[in-house]
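Shared chain: subunit A. Partners: subunit B in the first complex, subunit C in the second.
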Partner chain A sequence: MRVAENLNAALHGLLDDDPTAYLLGEDILDPYGGAFKVTKGLSTRFPGRVIGTPISEGALTGVAAGLALTGNTAVAEIMFGDFVALAFDQLCNFASKSVSMYGRRLPLRMVVRCPTGGGRGYGPTHSQSLQKHFVGMPGLSLYEMSPFHDNRAVFAAMLERGEPCVFFEDKVLYTRQMDLVDPLFRVRGDGDLAVVELHDADDYPDCVIIAPGGMAHRALAAMRSLLVEQEISCRLLVPSRLYPLDVEKLLPFVGDVVLVAEESTAGGTWGSEVAHLLHGRLWDRLRGPVRLVHSRAEVIPTAAHLESQVLVGESTIHHAVREALRG
Partner chain B sequence: MTETLDGLRLSRLGDDDLGLLLLIRHFELKLLELYGRGDLNGTTHTCLGQEYVPVALRPLLGESDHVFSNHRGHGHYLSRFRDPHGLLAEIMGREGAVCGGVGGSQHIHRDRYLSTGVQGESLPVAAGVALHLKRSEPGAIACVHIGDGTWGEGAVYEALNLAALWRLPLLVVVENNGVAQSTPTASQMAGTVAGRAAAFGIRHHLVVSTDVNEIRISLEGLVAEVREGRPLVAEFVTHRLGPHSKGDDVRPAGAVQAARDNDWYGRYAHDHPEQFHRLDGTVKAEVQGIVDEVAARPPSRREESCA
Partner chain C sequence: MADIRVPKLNDNDTEYLIVQWLVEDGRPVGAGDPVAVLETSKAADELEAEESGYLHHAAALNTWIAPGAVLARVTSQPVPPAGEAGAAPALSSAVPAPAVTSPASPETAVTSPASPETAVPVSAVAESTIPQAPVPGNPVLGTGASGAGASDIEPVVTDPARAAMEELGVSHDQVTALGLRVVRRSDVEALAGHRSGAPAVSRAEAPARRGPRTPDADDTAGTHRLSRVQRAVARAVTTSHDTIPAAYTVMKFEVGPLLERARGLTREVRRPVGLVELFVQAVAGLHPRFPLFFASIDGDEARPAEAPYIGVTFDMGEGLYVPVVRDTGSLRGIADTLMRYRLAATEGDFREQDLAGATIAVTLHTDADIVLAIPLIFPGTVCALAITSPQRELVLGEDGAVTARTVANIGLAYDHRLINGRDASRFLAALRSELES
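Coming up: the complex of A and B.
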């Protein structure tokens, strides 16, 4: 099953099971079914609860918050995650604050979906990974879609939190298969955390890579080439929840060389937050500081050859691991 | 309770309405006094001069309606709940604070009442609430209070578009006091509120009166139509008597004088002296008693689960 199909099925299931669940967004109605077809079939099955909106990211996010405020479950789609910047006030100053600024817990069940990332030639304003801009906001949780986490379970976990969540969906994953890995590797699910490693993995791989969903297949490709060409063994950790990050869950799987890979551009990244948490817990055990792999601090070009120079790819991770082990 | 409405003379109110007007007036005056003495943390925005807006609306809104207030929201809160103790405790950070002292003057949530401190932000949220009400509790409405300055925010227009498009039971109450913090409306708004409402095909009703009875009569039928999914912008031409927040009034003397001349307080005292003086002193003393009692309380504590 493709990741987009899994996500689509998760949304069907959510609207099926929860009569208070709404889905809002631009161009999400059938027959179009969303720019990435993730909402296909939903408006036909759930007319009235799947609502097409004008091009108004702030308002549709606010409407989702209003629905959540009155006890409903609300899922809002931002057509391209880049445009969530237009909903920043609703997320930062309204929804996330409302959970706690009224002196007692005010549960809000809402998820804002953000198709994210580059690699498809959409250019500077349609290719960004804005996760880092939402890190550290009290009352706001960040999740990222992955091929190793069933979206139904992830949605259940997000809504269970009773606070607004932003769900980042790397667009390159939509057409990929769920749970598919190179035969060299196996996937172990540990709730929020997926662990991918060699079948006969040692307790202590040469390097541990922490990467969210959209980066996973690039990390796995690098792990393959590192093994085949350099006999370097790696373990990949894919957390579903980026923030707040459950660092305790990571610790048993982390060795003395750690690298965090993400597609966000350099500077103030999610990875630096992860590194900070790990340094606090593991400083004595690490051979060196946690390495950060991210895209270059540049706008994301449209032309394929220029875009690939900016974004993190398999080779970026491959070289970063070798450098970490040499250093 | 209604006397002849002759346009100049304010009609006689029931003691209940006048008492509420005076409660808000003396509550706000007392806040400025407390700030002046350094007894309060942060800032506050009083609704001095605008008290009659929520008081006029009060019987037009029911318990199932949602009210969204803004930074200048004490009158809205007191009209809805008559809870000066809880509000003052919230502003002073004392035990019994309606939101534990976390929200303060601008961020209050209680029983279908919510205020936030960002201009225009609540309109899309109110649209979402109105959407819920339309489907789950037909007949109930979402009422949002905004000011003239808030019309500079894009969120207002996104929400108005949805309200008209989806026929939401949304009542937008505009308290146009002619000045956005320190910027006169003429310097910050092109066109008019009416013109902007018209652009969305939303009805606009202008209220120039400060007569509570008269306002109610003019709005009664319109609000009933909002309940049926016909959004409304009700614009009150009002006057902010006090500063924007504390001591930051830079308006020309003429503008402040105009606000004073239009103030319901003096006019009502003139038109109905016996009733006014019978209640004014009592309410004033009552507010002083509330201040003394609340100020003596221990500091508020926030719930653990919120931290």
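Coming up: the complex of A and C.
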């Protein structure tokens, strides 16, 4: 099953199970079914609860927050995650505060979906990964879609938190198969965390790569070339929840060389938050500081050959691992 | 027969990119099944078959297609429409479909057994959506839960393992017979060792592999993990000691005048010249007179080397490296090469070709007060010269007067199967006179 189908099925299941669940977004109604077809079939099955909205991310996120505030479950789709910046005020100053500023905790069941990331030639304003701008906001949780986490379970976990969540969905994943990996590797799930490693993996790999879902295949491609060319063995950790990060969950799987890979541009990244958390726990055990791999601090070009120079690719990770092992 | 034509998907674009075929060419398709993904400037869109039958691609993957053009045809019989052999002639911009869309290779069939009912060929889907080019030579993807036993699958042989197979004469069938998913260099070495009667080192026992270790386990105390470079050193040392019966001869060289000359040459060639540079040049100069010292041993035969390629040891704290000086024609060239290697050694930043092909080694033990060092003889060579640190010593002249001079002990470790003590001392004496000349 492809990731987009899995996500579509998760939304069907959510609306099926929860009569208070609403879905809002631009162009999400059938027959179009959303720019990436993730909401396909939903408006036909659940008329009245799947709501096509005007082009105003601030408005649709605000309505979703209002629905959640009044006891409903709300899922909002930002057509391209870049435009979640227009909903920043609703998330930062309204939804996340609403959980705790009314004298007692007020659970909000709300998810804002953000198709994210480049690699498709969509250019500067439709290709960004804005995760880092939402890190560290009290009352707001960040998740990222992955081919190794069933979206139904992830949605259940997000809604169970009772606070607004932003769900980043790397666009390149939509057409990929769930749980599909190079036969060299095996995937095991440990709750929120997916661990991908060689079948005959050492308990102590040369390097541990922490990367969210959209980066996973690039990391795995690098892991293959590192193994074949240099006999370097790596383990990949894919957390579903980016923030707050459950660092305790990571600890049993990390060794003395750790690298965090993400598509966000350099500077003030999610990876630096992960590195900081790990340094606090593992400083005496690490061979060097946790390495960060991210895209260049540049506007993302449209032309494919220029875009690939800016965004993190397999070779970026490959070189970073070699560099980390050398240093 | 029914055509699947590309609809107009938006007002912005005049053509769309075919990013993915969801049904392979010639495969059955049901009405309503998605068959391909087209990408517009804003979004990806699936096109569906309106009829059931067999799908025949009329355009190639990763080409642009305009609204109204025929994307594919559905026939009731599994034969392609007459005159159609892939891309429609009208699509002049269509390029031949890349290998991705070709029928599953035998490898694919083994690792991702797409059953006839499976509408979506697993390998094609996975590959065509990789944002970067697929890893060369490794295009096969399968499910993580593949039920195939390890012995059923073609193993991935790492590049170091391939090199070892060539070195040690291990065949592809032998490594396949191991039944491993990944064949590493240590596996090949174990195979070769086993065959020659030497003790076989299983993967579990090999120094590169360690037992279970959890981050909080107590067993980390007191253990020291070999670095990657050190593991390579360990392999070379083990092979050397297992296979090369070495002997050692040391001769005292007076190096005071040599050091003096080096200072002058540094100014002359405008590059740092020291004992190492002079020794590398002198050793290379002995090649025509002492060809066996630059040879390699194969059974009862020695193969002389065509040219003196001098390996020089460097350990700048990042591990032991033995890069090779190939061009020994001029002192300036030698000094250039060695300077580049010194810089590379601080970073561990050598190129593969820097480290291959030595026919003799010069090993440096020039830290203060080192008077003796016995180097290992690197597998594939028969000699290693050791240079120790210069020392001041007193000399009693013939007239009874006491003077001082600077000396260094220059040692030669040699493979005793090929070289005897007399040859070794002749070599050292010749080296000394070469340096004095």
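By definition in this document, the second predicted complex is superposed on the first by the 327 of 327 C-alpha atoms of A that agree within 3 Å, B and C clash if a C-alpha of one lies under 4 Å from a C-alpha of the other, contacts with A are read in each partner's own complex, and residues count from 1 in each chain.
Throughout what follows, contacts are C-beta pairs under 8 Å (C-beta built on N, C-alpha and C of every residue); 3 or more make two chains touch, one makes a residue touch a chain.
Worth saying up front: this structure is predicted, and the values here are computed from it rather than measured.
After superposition onto subunit A, partners subunit B and subunit C are found to sit side by side with no clash.
In the superposition on chain A, A:R104 contacts subunit B only, with no contact to subunit C.
By the touch criterion defined above, A:F185 lies against subunit C but remains apart from subunit B after alignment on the C-alpha atoms of chain A. By the touch criterion defined above, A:P54 lies against subunit B but remains apart from subunit C after alignment on the C-alpha atoms of chain A.
Look at A:R176: by the touch rule set out above, it reaches subunit C but stays clear of subunit B. Touch criterion met: A:Q90 reaches subunit B, while subunit C stays clear of it. Of the two partner chains placed around the shared chain by superposition, subunit B is the only one that A:N72 touches, whereas subunit C remains out of contact. Which of subunit B and subunit C touches more residues of subunit A is settled by the count: it is C. When the two structures are aligned on the shared chain, A:A64 is found in touch with subunit B, with no touch to subunit C. Shared-chain residue A:P31: touches no atom of subunit B or subunit C. For the pair subunit B and subunit C, the minimum alpha-carbon spacing after aligning on chain A is 24 Å.
On subunit A, the patch touched by subunit B and the patch touched by subunit C do not overlap at any residue. Partner subunit A is touched in their complex by these residues of subunit C: 19-20, 37, 39, 41-46, 111-112, 120, 122, 125-126, 129-132, 135, 138, 140-146, 148, 150, 153, 156, 158-161, 180-182, 184-185, 203, 209-216, 225, 228, 318, 347-349. Those residues of subunit B whose C-beta lies close enough to touch subunit A in the complex are 66, 97-103, 107-110, 114, 116, 118, 121-133, 135-136, 142, 154-155, 158-159, 161-162, 165, 302-303, 305-307. Residue ranges of subunit A in contact with subunit C, taken from their complex: 2, 35-37, 119-120, 122, 126, 171-172, 174-177, 179-187, 196, 198-200, 202-204, 206, 217-218, 221, 224-225, 227-232, 251-252, 254-255, 282, 285, 308, 313-315, 325-326.
Within the complex, the subunit A residues that touch subunit B are 48, 53-54, 56, 58-72, 74, 89-90, 93-94, 97-98, 100-106.
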